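Questions regarding the structure given below will be posed in turn.
Here the chain labels run A, B, C, D, E and F in written order, and each chain numbers its own residues starting at 1.
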């Protein structure tokens, strides 16, 4: 089975980034959550998809003037038109949100082209408009200035860092209301399956805690709690 | 009279953190507001209660693995089960939100156990869930990764720093929509009473300013304004 | 024609800060957007007006005690009572939000006096109250402590820096849901007119992109797109 | 007696900034040491003198071009020619060392004009040259770019912040190998005298500690230690 | 054999912190080097010894006044008199160097008492004096103000964080001209032995590279290079 | 004439980075000096040469283990063996000095291979050894940990950012005791020539200022000063 397919995607759509980071931590991965960013549209759907990347380096005044966008090979514009449907557009902006990584028109275009979401460790412009799209967009802060002021688009779909997390093209990027986690492609199925099971278990624990149970003995569970979990699972049909 | 009792608590429930910091400043306290954190659930009730603390130091890979939670003496878990009802659980996370200070299950357990709120100078995980509880939780940023990645729980209920503010167990911790202030226990009654009176006065000033009054002569008040305030106070019955 | 009048103001009320920064960038201005601040009341009206400034330096314990506010020449208080209607009150707090730049009463007073908005690169106190006013207020973070703890008010209406952006008294300050941009007074009309036209064009592009158009050929536009834009403009009557 | 004269200066030349901050702390001053800067020329003489200030705001591209230096009223150039002999030139660069506050030629000119030293919370350029002058210069980091890139000189000899410390023109600025402390003018004599005495006492303590004494009983001193100190003082003639 | 004795100490005295971090990394330890600090006296001897710790929390104005030092139980003073000879005094200053962690007299006393060195993630005062002692002292920046301004000494010899590195009392702390590394006590012998061997090997590689050798085949070594290394080792008698 | 040859190199060897940034600023370049780094060996020769680059992204635990260095295609090792003589090895470490960009052996190898210098916006390890080489090495801070802990080497000789400055392979990189400036290749000759002339002029100004001249009229020069400069130039034969 491939490491990522529709079944894996469906599972990941129902798992929190918190649970995913724990499954990754158990395999030795400590640096998979992109710190310092948040979602613009809290009502957007969950975000799951393979990474398609854009790399910025710092701008240079002679290279980054307003006419560069006339070039269809400009990596930002080219990337927006080439990012495959279902993919997440991930931008390395060197954690600099003093100018925008992209704006409302390009984000809308990505949405229309069927992208699964967009992530930058910098900022977006036109955020009041982006906030109205049913499209998950994650950034560090609103940033009105055009990218040309600070960012020079140099590459598409190469390995990058985003918020100090390594992102390789094709890695599975998952976002929820908490933030964004990056899963190495080859582990996506394994992580999705384990985290899916863990989610069921934690839902059981939530139920118990809401009923007044102590966390001792159930989180983590002792043998008795595991039995009770099995019964609960049969009862709720999960 | 004890420095903190139900009457003091009731007064503090109606006073803003802004007014409290001024009363503390008049007594020479300049560093009582925890900067850099915000409330997750804006609809949660006010938070007032004595501090119960948890201290983290940086994690170490050989000590902080997933099985540590099986130990009922693990300070994070033990603290959550021991924090007395009515207390505020305050965590020293060294202002590091790259991994979580606690997650949804533990916060729910604290809520069920009757804690008054939870504060960290790091971040929480499962924040979409925490945001739905009628429970005040303050942090710096959402942080999906398990605490084990960055934080080693070492002590409960010792003096700590939280967001550069000193917090001693038993200090009175007050939170509103603006943030969190820490009052030395022995001053709680005195501060509550002065700030309560100041709140009544500032409500009068607001009324005046909304009616179009200049701030000169009323904020701070001249003798005439004080007379007018007395009349207003009798009229509104406060 | 003067660089700023009611007509310019009306145009600026309908233009995004993103579009304004691009018009300024074309004239060589790279540093006009105040990074690191956000609006408190998302439902407030747009903010447009000339800058009236307040300058803080760091506080000194012997000078900044609670009785300074009795002095009607205290620059913060004097500024609030002198800022002309229609102006934006802009505060240089040296990007330090560990104490407040101003609080709810003063902000309400400014609102009542007809100011167009208030901006600090520090923080405000009483933010839950400020958030209920129909008045745009921009800051870095809520900050309960009185300004006296960290800020010494020293001057009104002198050139300042606010969030690393130069602000001269009279510069035109524009704020929307994204943030705040500062336009040199002498350029206000020229920028407003160009950005107004650009806004119309970008609305056309949005329409096209929502309909499924590629950005190539329309953003920036080729001759064919320009023709189509002219037709659209006549059709929608803009 | 005036708060500052040659006698006060002579005393301050022999007192460490550490000892001065303690004398200031005893009077309630907590914020007098400029953090984050260091001396360029470790072999320069001590620095003592009244503050003469320069205030920068952020640069603006249309105002800050290479020809501004032709104007003899340009505040940076004017300040360098006007700063009185014996004074310390203190620059508010908003803690931004991405462009220079001044360079080798201006620093040399200040030295030749008899200034006592120069301090910025930004950076200097031509630091290899400045490092060879017998002249104390304090900054945050070397910074080759001309000030025009980031700093707009706006005022001379107004109150400023330097490294988060308030500096009023005429305040007494003292620098040693550790850093720079700012003493309110009216306290200069009182602080100098107390700190001078404290320096004698701490020299005695050093002697004792080097001989193997515990700090208990001597630092702070018990009555016996005070007697011993009196004897030591007579013996060494201080 | 105990994990630390004179033989282990002697080995560690000749190994660089760089080589130690690699040996620790091979065992899964990624966070053992204290970033952001440097040595004051570059001519001081190497530093090797078990950690003795001091923990600060933020200061509180009513608790941290000048007379606290009269109390022989004050943790800073007590720690300086109790730290065993051969130990390294390690201070948790929460990475805050706006006030001193300790000063010249206490550092001299530690030196006279036979301590192996002193480390803070804050700053020291009296650094010109400390820089003349033949004693390794590591800090982030010189800081003239007394600790009372920012730091409240609360505990000695408890687990702490220092510069984001966990430090348990008794851990072996090693410092060279590059910085400071913390080795869990139980691993000290094992790490010392492996790193000692690695140091011999890297000296061989240096020799080869200085002679003009490529790094390919020798760093890491292929079988031929290992043979050559054996020969070299016999020749130089190591 | 090519933009860079031995004559250009010779000129650049005698020009300060300060003077170069001004020549670049006159052509609209504001961002050419790499902030936040310094030279390790103050006695090393000046550094001039074309950039050869190495790009790091954040490390990933499964990819960055100790055995990767056995691969001769590992970009760090390959880069060190391929960087042409006379070139400057410039590393994009994302301004992260929590692990090393390179160490003493590789830097020595580069030196032996005839490189002109090495620059990172992170840190080097084995800095006490590097400090003894007659080879310019610039970094942010010493960093003992192996690069594998934080950095994954991904590319050689692609455009990068280094300390927020864009660096394209072949750009001319110049370093002196103040820091490092990056000159776009096509401008190298033009900048070198203008800055060379400016250096002669500023040497004249230094002479004048040392003799006691005001800066007014000579810096910038009025016509009389230009005449005097011409005379001086003939006299000193430059």
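The definition used in the following text is that contacts are C-beta pairs under 8 Å (C-beta built on N, C-alpha and C of every residue); 3 or more make two chains touch, one makes a residue touch a chain.
Because the structure is a prediction, the values reported are computed rather than measured.
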By the touch rule set out at the top, what is the minimum number of steps from subunit D to subunit F? 1
What are the chains that subunit A and subunit D both touch? C, F
Shared interface numbering between subunit D and subunit C [over half = same, under half = different]: same
Pick the pair with more C-beta contacts: B-C or A-F? B-C
Expressed in whole Å, how far the mean CA point of subunit A lies from that of subunit E is 39
Averaging C-alpha coordinates per chain, one finds the centres of subunit B and subunit E separated by a number of Å equal to 37
Centre to centre, by mean C-alpha position, how many angstrom separate subunit E and subunit F? 32
I need the residues of subunit F touching at least two other chains; which ones are they? 30
Think of each chain as a node with edges to the chains it touches; is that a line, ring, star, complete or other? other
Run through the chains and report each pair that touches. A-B, A-C, A-F, B-C, B-E, C-D, D-E, D-F, E-F
Which residues of subunit B touch subunit A once you look at their complex with the stated criterion? 66, 69-70, 72, 77, 80-81, 97-98, 100, 103-106, 108-109, 112, 125-129, 131, 141-146, 148-149
Residue numbers of subunit E touching subunit B in their complex, please. 28-31, 57-62, 94, 96, 152, 154-155, 158-161, 164-167, 184
Listed in rising order, the residues of subunit A that touch subunit B in the complex are 16-18, 20-22, 25-26, 30, 32-33, 35-36, 38, 176-179, 181, 202, 205-206, 209-210, 212, 214-216, 219-220
